[in-house]
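Next come two complexes built around chain A: one with chain B, the other with chain C.
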Partner chain A sequence: MSDDLQALIDSLPNLGSAVVVTLEMTIGGAALAMLVALVLGFGSRTRSLWVRGPSRVVIEFFRGTSLVVQIFWLFYVLPVFGFKMEALAVAIVALGLNYGAYAAEVVRGSIESVPTGQWEAATALNIGTFHKVRRVIFPQAWALMIPQLANLLIQLLKGSALAFYITLHDVYWWIDELQRDTRDTFFSYGVGLVIYFVIAYILTWGMNWAEERAKRRLGRGTRPRLRDVFGLKPGVPTEIARVKGGVA
Partner chain B sequence: MNDDAIWNWDTAWDVLPALLRGLVVTIEATVVGMVIASILGLLIALAMRAPTRWVRAPLRFVVDFIRMTPLLVQLVFVWLLLVDVPPLVIGFGVLGVHYATYMSEVYRAGIEAVPRGQWEAATALNLPKGRTWRAVILPQAIRNTLPGLGNYAVSMFKETPYLFAITVVEMYQAAQQYGALNFSYIEPLTLVGVLFLLVSYPTSLLVRRMEARLA
Partner chain C sequence: MTNASNGTPAIEFKDVVKRFGDNVVLDKLNFSVAKGDRVTLIGPSGSGKTTILRLLMTLEEANGGLILIDGDPYTHEYKGDKWVDIPEKRRREVRKRVGMVFQQFNLFPNMTVLENIIEAPIHVLGKSKAEAVQRAEELLEQVGMTDKRDFKTNQLSGGQQQRVAIARALAMDPEILLLDEVTSALDPEIVADVLGVLREIARTTDITMLLVTHEMQFARDVSNRVLMFDHGKIVEEADPETMFTNPGHERTQEFLKAVLGN
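Right after this comes the complex of A and B.
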């Protein structure tokens, strides 16, 4: 056991850069996913078939094929067509597109859940389309989507472990190295899983905070109980849990 | 074999049988994993309603821990620990347990969605506790959970390629092996993607119809 601890202490310097790589993938992937989700989410509820059709096709394509296949396809096959990307870029693009497609459904569902009266009231006040969406509709939809986006963010973090197989030195790589050094699977993987858990926990806190802030901006703020702030599962409101495509 | 063409149909036909054999393993893993997940998930959801905190709190922690750590790492972890167990069995088990933690939430929501009046009516009729669960609550709760179950089945189907990490030859691993032998990854990997789409898209349409009918 003391050998294990010694090996762990020796490998701590690597852990820092490994966590950074995992976080880069998670944050970068999440940013790209959000962008994709907004474009596709709004695109899939426009009236024009020329926008809606392609949006649906892209969403169903990335939701329908597996993340594993996408990441390896981008890594092994795309270079044949002349697009060579760095491994980190491949990971971010694959995670961003895959989870962006899932998040697009969340964005679409949340926007549809904003009561029609809000659209009508904004029209009655003669607010332009852009401002209507930005100032009236989106803030309300945003508060609804955060709990589900929080779930997707955790999924994205978990998916980033795949990057080990495309040569990236992420947390999973660090676990693998530790296992090689100590020859103690239970110890090394146990420690590694705890690290993933801690990262996920911190991300969940951040999302709980973002949800509380979004609600407060709508004037629906509550003084959250400690249990809500530190609780692991962001409370998913029932009305949104039933939105189509909401689960998984 | 002409090398200048990017897509080669001969290679595609050549690899297809291996991929279809992989598809069978993939579907097997999904079905077995989902059976484990739905049974274990229900047990977890019921245990979460235990009256004492000493059961709930540790269980909550274990469930959250499994749910918030990568499936891939869990698979390799268990595979390295249990050397004697065949990889496919480990795949079934880990997929099942991982998704059981998701399914327990679906069951919880389904049980909570059963109107309170049903509980009160069961009490009024003096039904014993076991009978109340079996004859009144669970039939209604499970009906609520069917769309969630379908969604997770599709999602699990798309996560079975992770089994490649523990040497199970499912669809992705079959493509990888073929690619490594013949130095052509384009056709196998692309076909894997197409096959996934061909199976998962119709299934998810089916789940959506079921969702609409049950809602």
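Right after this comes the complex of A and C.
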């Protein structure tokens, strides 16, 4: 065990850069996914078949094909056609497209959950479509979509471990190295679990905070308490308190 | 574009047809409303009253006929013998003159009371913020909601929300105001407050009003014309006094008996 600890301590300097790579993929992938989700999510609910059709096809394609295959395709097959990207860019694009397709459904569903009366009231005030979405509909849909986006973000983080297969030195690579050094699978993969869990937990805090903030802007919920933000169940404590009339 | 001569009606329906699937809601409807008129639409549910307001607000699309605001075609026009859509840009120009208050208030929950009122004047009418806020404050005073200026909308009661919604519609300086069962979602004791606000607006402005309501006393006080609808057609048209005390049509008599309970 002390050998294991020594190996762990020796490899800690590499952990920092490995976490940075994982976070770059996660944050870059999430940002791209959000962009893709907004374009496809809105695209898939327009009236024009010329926009809706392609949006649906892209969503179904990237949801329906394996992330590993997508990563390998971008990394190994695209260069055959003369289009080569760095491994990190490949990972971000693959994660962005794959999770963006899932998130597009979240965006579409949340937009559709905003009551029709909100659209109608904005029309009655003669507010143009873009402004209507930006100022009236999206802020309401945003509060609805955060919990599901938080799930996808955590999945995206874990999905980023696949980038190990295209030579990236991310957290999973670091765990694999630790396993080689110690030859102790239990120890090294145990440490791996803890590291992914800690990163995921930090992301969950961030999303809980964003959710509480979005709800507060709608006049729902309260100023987030530490318990709400650090709790594992997003939004639930405030919601229960509100329903029970415990917190005004 | 505007034919603002006095003879031009504020609203004109010409052979307007509206169907939902096979259900014909409005069947070649013709009627017009003069400027400054206060017209109440009454009739059983499903008779097409609310559809008329929704067509006027472009929340529904007609299947035939013409809707004119101040003589300007609003949603469709005939080019030669073809019935064509009016582009959104022209539609918006005409829609500026129309405002609507909804049964369910439909305030924007992501904004405060004040923000609800100034949003469209700033972004649609291009008013400065100071100008929009000043007007909003006047309107809040008028509807008795000054002290709730910075509240989020879901901190308000139904009656308060509806008063804000009225102020929000008026902030756009509409020439025509559509009121769609504005008291139906309110507790009975609050109804009088909201109706009081509307009576005051009717008294102090010359806005053309088209209202759908089940408050017959209010209709009688505020409107100068009442249209009785049944199955998408006008079965009777009269001044409120005649309509409520001495209706001519059998259908109207039945309806009023059921509503007024006498």
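Methods note: the second predicted complex is superposed on the first by the 228 of 248 C-alpha atoms of A that agree within 3 Å, B and C clash if a C-alpha of one lies under 4 Å from a C-alpha of the other, contacts with A are read in each partner's own complex, and residues count from 1 in each chain.
In this section, contacts are C-beta pairs under 8 Å (C-beta built on N, C-alpha and C of every residue); 3 or more make two chains touch, one makes a residue touch a chain.
Note that this is a predicted model, so its numbers are computed, not measured.
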{"item": "Touching partner for A:Leu125 - first (chain B), second (chain C), both, neither", "value": "second"}
{"item": "When both partners are placed on the shared chain, which of chain B and chain C touches more of chain A", "value": "B"}
{"item": "Partner chain(s) touched by A:Gly159 [first = chain B, second = chain C, both, neither]", "value": "first"}
{"item": "Touched partner set for A:Pro139, first chain B, second chain C, both or neither", "value": "second"}
{"item": "Contacts of A:Arg217 with chain B and chain C, given as first, second, both or neither", "value": "second"}
{"item": "Contacts of A:Ser66 with chain B and chain C, given as first, second, both or neither", "value": "first"}
{"item": "Which of chain B and chain C A:Arg183 touches, first, second, both or neither", "value": "neither"}
{"item": "Chain A residues contacted in one complex by chain B, in the other by chain C", "value": "none"}
{"item": "Residues of chain C that touch chain A when the two form their complex", "value": "57-59, 92, 95-96, 98-100, 102, 104, 106-110, 119-120, 123-124, 152-155, 165, 168-169, 172"}
{"item": "Touch list for chain A against partner chain B, complex", "value": "60-61, 63-70, 72-73, 76-77, 80-81, 154, 157-162, 165, 172, 175, 179, 185-186, 189, 192-193, 196-197, 200-201, 204, 232-233, 238, 241-242, 244-245, 247-248"}
{"item": "Chain C-facing residues of chain A, complex", "value": "115, 117-118, 120-128, 131, 135-136, 139-140, 217-220"}
{"item": "In the complex with chain A, residue positions of chain B that touch it", "value": "6, 64-65, 67-74, 76-77, 80-81, 102, 105-106, 109, 113, 147-148, 151-152, 154-155, 158-162, 164-165, 172, 176, 179, 185-186, 189-190, 192-193, 196-197, 200-201, 204, 208, 211, 215"}
